[in-house]
């Protein structure tokens, strides 16, 4: 049985981590492009609940939630954003290049669609016996416009690989709305069937719906059922890149934003838990304090960590043989 | 004499080109959007409509092919990549189709497309967002490749590029966008095949591209206080390369530094040095130096980026080395190690 | 009304041209990679019958039939294959780079999928009034594996452009069968609907079926109905590239080949015409002679034409301003 | 001492590498097919099965990403492009992911992939099928780039490349495939960072890559009959470049020709000349010369290709020019203009 409080805590943790990054970003010590997932927390949590440590997860530019939900080290992530040697990529990558091999979070990278085929290849196996590791790759609606997305679906389908393609459709690619980029009335989940891949679409702000859809796909894939394509509808609250709101840019309306804010995945779930008497003010405060402590110590750790020694600049152009 | 910023000069070139020729189309993700490609296309959609100021899917390869198709319909597309790194997804269409389009049908077809490639540095752009691939395009017959440095050239060369019947690849450095310069209001053209002497001097020739020209001028200014007269040349046009202007200068100074925004190895500086030596193998009185990105991917951490991206300091060190000066006499001690050089000016506060 | 004899003649002309190229290829005067479409003649003819001169046609490596059916000059094509200055690309391109602007055959090029987005862009229009020119692009089943195919479909759909995507599915990409490259049981025509593009599939060796499907698509697209994706099943008789048979390579069976040979698009149609008494031995011989004469004079023209002057090598790197 | 052909040497390297290491996988369109990539992978599927000798869709970009993913699963993929031109479709994955994979995760990831890029010339391959893009890969930090010329090196370097933890890009020239050489039966490795002196001489250094080494040797042989002793160096490894071996030779001869299979402009010869001049600006006694593809797309017609693709004749002319010899004394009159030089030997009758 899923521990519902755990789910709630996991979402809240992503939320609070992001809020803290946003708050401290203006100190100008996190000197790298940073994409926030505030408002989109339900998807990685609802997916990850079905994943094992050995499973692989990949992401793109907006990856904090995916990384944390899979169990990636918070300290290593914050340090990475601070450009420190203790970062998960030794400061080489920044916010856009998270990885934590111990947690099975393999890689995120900002080139759109870039990690999608990599996720596919990583569960290729020359042994005919079923590999019970699954691979999850998250990407936005914009990334599905890249041809490589279709190429990856095709190959995963030919080889029936256990890949869960998770599209977080937040209606925008930077400031461009869906309809200038894709046929207005098509769902991204329509693309799966063209490659003989079962596909589902759901409300990405409803963690229970995410959990159900993702669970079904992941378990089936794990049992040799081949790839799945999942589309979850959601919404980004902050600007495309950076810690601020951006309603003043007028590419989206206040009404639209308000509607989605009202649809906050955490509040919606919190209300349910409270109705069921699973969550109380007391528990909530305890959770918050626990998360706060963790965040504080992660930031302290990051800030106190050393920068990479410039003399090591060339260390990783080539691996040792 | 009106001064405007580099990004405004590009904007003006777009506006005037679109007004002069109904067939000019601009396309790229976010081109009609509220921030308009760092201001360079902002508001154009209000005048010219969304069919000429065209938003598009993130399909770099496909949309390059679409742009080529548009030329068949008589249009002159300007395609924008917010980072040159994204154009790697379009390399087949660019290199196999666009560059060869005129040649491979025996001159019957033209591909008058302008590609605006934005390059940059700083604020942790990192490995996939701060390459500078001019050497790639320069290696492919069929492209013209230009790198305007001043606001004046940004406007004039973009106007020329749009009129040109060849595909033209323009590299624009983000750190030039807020630098201003004298820019006439009326439309004008700047040739796409001429380097420009930015500063005259007899002691050493510093040939540079794009933003590195500013760093070279900064270096030259400091050096001049120590009696070293540098000749600084803005290459501007990589293909065709105006080697004669460079040769004339080096013939005089007999000393050469080439400073480029790209990776040094197998980069454009090598071509410049080779051509000079092919013209005169005893041209130089001392060892030439190439300044550019060292041989590793762009690191994100500011402590590494600080060493990775070359600055005027590196040019000064190179000059001292070549001319056998004591660098300690020339270099100003840098203020404080907490102050990173990863922003163009203090107004820049991220996030990209 | 369609002139059925014309259709027959058009297919036979492609057949006889290809046979003549094949026959003379061993003379080693046609020194460029050459891909034959023997066995696939019905598709370009059935499509082109609905096209106007002003319509655009694009193709890939296997383009002779598409070029001829659209009215491309035979002399210019043969000269091009001979590498002569009188070739349609002045000898610069060879068999893989045909074009004839007067006939509306814009371009063929051998990089897989390369001309697909070009075909799309060429009917983009900034004038909202409907452009009644349509654009047809032919490609093989293998080319649909390139991401750019999907990117092109997406954009054509967003802008509702009058493009007819014509896939000639001949079951192979060089020596690789469909199932090692694509999901076994998917039709390529399944891909259209994922992009909200109406799609149809038909027997590419039955010219009447091709005509009907293509006519419907072309006329609808011309009337502002947006893009179509058509998949025609067919079969390549000769080796992938070059004038020979290749059964000895064993990547396909003699049975399969025999079945498709029996399904010869020209013979099938000829039988029908004879049944209807539209075609007689006499007419057939007349047609054959007429075509033969044309072919002979085209080869003579090509052989007698001069090679490009080596001094003009650099003439077309850059156009004049 | 066994002699086998270049393509057989590659085949043997594949076979032995796959036998030695179960994690080696070969992928590419037609890899398990009946012609097996010009014979280099023929029949391997019978021994190693279709999951290790893997056919694939024509999805160059996606399959490169898949290959990178395979390395996470512990495999060592060898990916084959029948023409380097097709790899332009995979440039994002190659350059933005594979080349930077080790660096951008702070050394935690490796991308031990071998890319076999086939290049060539002749028989009207034309604009989109006869490029030679080694300069592109050499410009990107993270790749090793090699160009084996002999059958011996083809085997040894491929074995080394497969074992190497870096991504290695190998350029193989089709016109070498049928050339034979002495190749030991047992597996062996050849370093990926050493040039090789193929012929010693004091008068001029001819540095060459891949097939151009054979043309250089041909030229040297003819020249030797006229008393000119050429030193011919096979570069073999573009990145890392063994500049010391080249420098040592030029230091002796003071005369330099670089002959490459790629486009001259902004190509690898420029890097070689630059590095030499950076080491010693008065190294040369006369003008160096670069031989390679001139600055236009590859033409298809044999009459144009004849002028486009350089041969030993062009090297001889360059030597005569540098050493101020009368070329008419050296050059053998070419037999007859009807005989095109667009096939490696008379056994080649097309079609590709």
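Letters A, B, C and D mark the chains as written, and numbering starts fresh at 1 in each.
The criterion applied here is as follows: a contact is a pair of C-beta atoms (placed from the backbone, for glycine too) under 8 Å apart; a residue touches a chain by one contact, two chains touch by 3 or more.
Remember, predicted model here, so these are calculated numbers, not experimental data.
In terms of the distance between Cα centroids, chain D is separated most widely from A. Chain A and chain C have Cα centroids lying 45 Å from one another. Chain A and chain B have Cα centroids separated by 35 Å. Multi-chain contact residues, meaning those touching two or more other chains, occur in chain D at positions 56-57, 59, 61-62, 85, 89, 92, 96, 103-104, 126-128, 141-142, 295-297, 299.
Contact of a single residue of chain A with at least two other chains is seen at positions 87, 89, 91-93, 97, 109, 111, 114, 145-148, 150-151, 154, 158, 180-182, 316-317. If the chains shown are joined wherever they touch, the resulting network links each chain directly to all the rest.
Residues 61, 85, 88-89, 91-92, 95-96, 99-100, 103-104, 126-128, 131, 133, 135-136, 138-142, 239, 262-263, 265-271, 273-274, 277-282, 284-290, 295-297, 299 of chain D are the ones touching chain B in the complex.
Of all residues in chain C, only 25-26, 28, 30-34, 83-84, 87, 89, 91-97, 109-114, 142-143, 145-148, 173-176, 180-182, 241-243, 249-251, 307-310, 312-314, 316-317 touch chain D in the complex they form. Chain C contributes residues 145-151, 154, 157-158, 179-183, 185-186, 190-191, 193-196 to its touches with chain A in the complex. If you check the complex, the residues on chain B that touch chain C are 22, 25, 49, 51-52, 56-57, 59, 61-73, 75, 92-93, 96-97, 102-110, 141-142, 144, 163-166.
Those residues of chain A that touch chain D in the shared complex are 56, 87-93, 97, 99, 101, 106-107, 109, 111, 114-126, 128, 147-148, 150-152, 154-155, 158, 315-321.
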